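Look at the two complexes coming up: chain A is in both, with chain B in one and chain C in the other.
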Partner chain A sequence: MSDVKGKVLKHGEQTRTMHWLHLICFLILGLTGIGFYWNIGWINDLFGGPANASLVHRWTAVVFTAGPAIYILLNFERFSKFIDTISTFTRDDIQWLKTMGGYIPFLKGKVPPQDKYNAGQKILGWVVILGCLLFILTGFPMWLWRHAVSPAFLDFCYTVHFWDAMIMMLAVLGHFFLAAIHPQSRVEFSSMMLDGYVDAGVTAHHNAKWFANLSKLE
Partner chain B sequence: MNAVEVGIIRVTSSCKGCDHCTSICATGAISGEMGEKHHIDLKKCISCGQCLINCPFSAIEDTSMVDTVKRALADPDLFVVVQEAPAVRVALGEEFGLAPGTNVKGKMYAALRRLGFDRVYDTEFAADLTIMEEGTELIHRVFKHLGVAGFEHAGPLPQFTSCCPAWIKYAEDKFPDLLPHISSAKSPQQMFGPIAKTYAAQKLNVHPTKMFVVSVMPCTAKKYECNRPEMMASGYKDVDAVITTRELAAIIKEAGIDFVNLPDETADNLVGLSTGAATIFGTTGGVMEAALRTAYELLSGQTLGKVELHNVRGLKPVREATIDIPIKDLGRTLPVNVCVVTGIKHVDGVIEEVLAGRSPYHFIEVMNCPGGCVNGGGQPIRRDTY
Partner chain C sequence: MVSILAEKGGITRRQFFKGAGVLAVVAVVAGVFAKIGIDMFKVSDDYIAKRAAGLYTLDEKMAIRKSHENPEIIQLYKDFLSPGEVKPMTEKAHHLLHTRYGQDIPALLEELRHYQGEAA
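== the complex of A and B ==
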């Protein structure tokens, strides 16, 4: 289970590093994107004007793309397992969604046992993966092929990129609230952001299926 | 600052700084880094509007003369006449859901009458005048080149066409040494203006000060052209206002006219019939083909059996052809080498050859917009297709 008594290692060092990198890049990308898309003076001024904000946005996007790409290459087995986990939706996941994991007071019902990631985290995982792919597929043509593509295609890329950003920002805000603020689940915060460990008792409750599997392996 | 210096095209605050326009602008007039609002250098801008129709966010606009036209139409003391370029009739229908290329000439005339224009003429007659002037000038230059007496004062060869105002400003700004090579004939729009304010005004018994001439053009540079200070051959401003195909469509919609169901009408008759050569003015190679038809007939004394000269047609940016024209007066046949350039980005190499004295051509047509006036900066914008 772990070398630390009463704790479970949930996120490895490289995963935590990648998460930190992605988070920092996401914040910079969001801030600069909002700044130069809506031409908000004070945001642009933080980066030295809209042109520099755009420049920072584009090169941060390179890190935003390359970081996870390198992580996947170095941790392919772990990533495959992650994809496998978030792609597996059981009856318990459906039931978790029906009760919204017990986070919403008026949705009554028993919260079923969950895997390493609950149904909400699985959906978030797919939102982040697909959202990032859309960012990459629309963002790089907007930058590198802006002189070669048709205006209609450029408009399409900007529109998709914009709405992708709106959805991703809302998703990340929700993720932050549940992972860092909500009393039921904020124990996750230190796991991903600091040492990677999460309390065994909490895991046994929140991720009972995964905890049971870990116990079997031990 | 006069109207020409004010400029026709400008970037609005909606600019997202996508930077697409800098690759569209042939003169390098647009500057700006990605992410910041771009700017147009009016000294370099040729007012062609290609950046406008290619802006993904409709963040570039042209100066509007629509309010001026509306005020003129509402003024009972003014006699308002209108001319429409050939490229307008095949694009206007797109704004009303008709297939691209649908010829709505008859409905356009009907709509213009319902908008209150006192006379609805067509630019085609003036296009015929332009081509007769340009064709005759070409013959004079060829005769000078051949050493025929009496043509010593004609300009040098090759002769360039002169009806595209964006091309003219480009040549003036970048290649002033080329100006003697450019035909001295005015564009059809600017030939129509003085005819309206002199001949037509006299015929209609309207004082020129009370005549207001409007052009409907596929081109934003025509707004610049009508404001050039020398365009006062009639003694007054020859063309008072220019509106684009897009603007005409907007006015028709605003007036609540059911354009698609309008009956077909004909234009008012200014002088007489116009030719098919005038109709093809709006597409690349059209002016060349029209001029060659004229030059052939004038030089050979024969009627051209087959009027379509397919070897100057097409969409390749630079096309060349040789047309054998029998010259009756000299008793010999002259192979006339012609060149057609569509898209101003492709013209520099041709010009440099001319200025270096190495050009093999007698006549060169230049149109700023790719494909010609049918793809002008004032035409409908189709984001669903491009």
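== the complex of A and C ==
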């Protein structure tokens, strides 16, 4: 680890608020979805029965969609930087993937310097963006146009929505493990969930490329 | 004092085009999808309106449009359901004209068998 002293502001207030909002919405959507898809009584009962669980699912989806949309409109600069970072894949990112950032014990090799997000986080960023778009594009027709569209199209929406949910839940579980449980990576937990700051030494080690371009705030 | 580091403000032209590009692609995909959906909704609405209009037209062309003015129904009441007069909701009419479903069907069949002799 580096001997650099100080703190780095990694995620601003609005980003952290949006992340919390999306996390809470995702948990409610996942829970209600599992409840009424497999008709699990006790989960449905938490929301007042299957019909109410479905209602909660749909209106939470509105917040799930509107939250990031408002965030992007208010923080276009932040969003553009994020998209630029996750869409830039260099040899260092490929090398990071080959060694899996050193998180997997039997994969040996030098871990190359990373940007604000490492290659794994960049891939997760795309999975979340595309996954959420698929949720929105298949979810709203299932709610608003179910009486107008053909049964075949509706069935297609249900199938895509279901498998999208399965993939997203696995991705979020993996994200949770690395962000909150894994001893090497959970050091950044508070940067998104609490005050937005990461130890400068940790950042200099994990995100060396990004760290090199930071400027002193005070 | 702990020094605090942060990203520099402002974005490059490349970052702007990437951000705007992703938003534009999302807007186009969502717009096309919404257009297809709204068109499907309109087609469905048109179909329902035409179907309703067809049913009303058929109904308007019928010679007898109200059951209480149907001579056969009037005759049925006079001869059998309320002998000598046209009186709806008699005990017999209630039992014979109101159907039942599911587990109540055997009892209904039994009742109909009871009235079968009278009808003959």
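The rule is simple: the second predicted complex is superposed on the first by the 209 of 218 C-alpha atoms of A that agree within 3 Å, B and C clash if a C-alpha of one lies under 4 Å from a C-alpha of the other, contacts with A are read in each partner's own complex, and residues count from 1 in each chain.
By definition in this document, a contact is a pair of C-beta atoms (placed from the backbone, for glycine too) under 8 Å apart; a residue touches a chain by one contact, two chains touch by 3 or more.
Keep in mind that what you see is a predicted model, and the values were worked out from it rather than measured.
Participant: Report clash or fit for the pair chain B and chain C bound to chain A in the combined superposed model.
Facilitator: clash
Participant: Quick check for you: in the superposed arrangement, does A:Val8 touch first (chain B), second (chain C), both or neither?
Facilitator: A:Val8 sits against chain C, while chain B stays out of touch.
Participant: For A:Leu154, decide between first (touching chain B), second (touching chain C), both and neither.
Facilitator: Only chain B; A:Leu154 stays clear of chain C.
Participant: On the A-aligned overlay, A:His57 touches which partner chain: chain B = first, chain C = second, or both, or neither?
Facilitator: first
Participant: Looking only at chain A, is it chain B or chain C that touches more of its residues?
Facilitator: C
Participant: Which holds for A:Arg146: it touches chain B only (first), chain C only (second), both, or neither?
Facilitator: It touches chain B, and chain C stays clear.
Participant: What is the contact status of A:Gly49 with respect to chain B (first) and chain C (second): first, second, both, or neither?
Facilitator: first
Participant: Between 98-106, 134-142, 188-196 or 350-358, which run of chain B pushes into chain C after the superposition?
Facilitator: After superposing on chain A, the clashing stretch of chain B is 350-358.
Participant: Can you list the residues of chain A that touch chain B in one structure and chain C in the other?
Facilitator: Residues 147-148, 150, which sit in both footprints.
Participant: Where on chain A does chain B make contact in their complex?
Facilitator: That would be residues 36-37, 39, 49-55, 57-58, 142-143, 146-148, 150-152, 154-155, 158 of chain A.
Participant: Please name which positions on chain C make contact with chain A in the complex.
Facilitator: Going through chain C, the ones touching chain A are 2-12, 14-16, 18-20, 22-23, 26, 29-30, 33, 37, 40-41, 43-45.
Participant: Can you tell me which positions in chain A touch chain C when the two form their complex?
Facilitator: Of all residues in chain A, those touching chain C are 5-9, 72, 76-77, 79-84, 87, 116, 129, 133, 136-137, 141, 144-145, 147-150, 153, 197, 200, 203, 210-211, 213-218.
Participant: Under the stated contact criterion, what part of chain B meets chain A in this complex?
Facilitator: Residue positions touching the partner: 13, 16-20, 22-23, 32-37, 54-57, 383-386.
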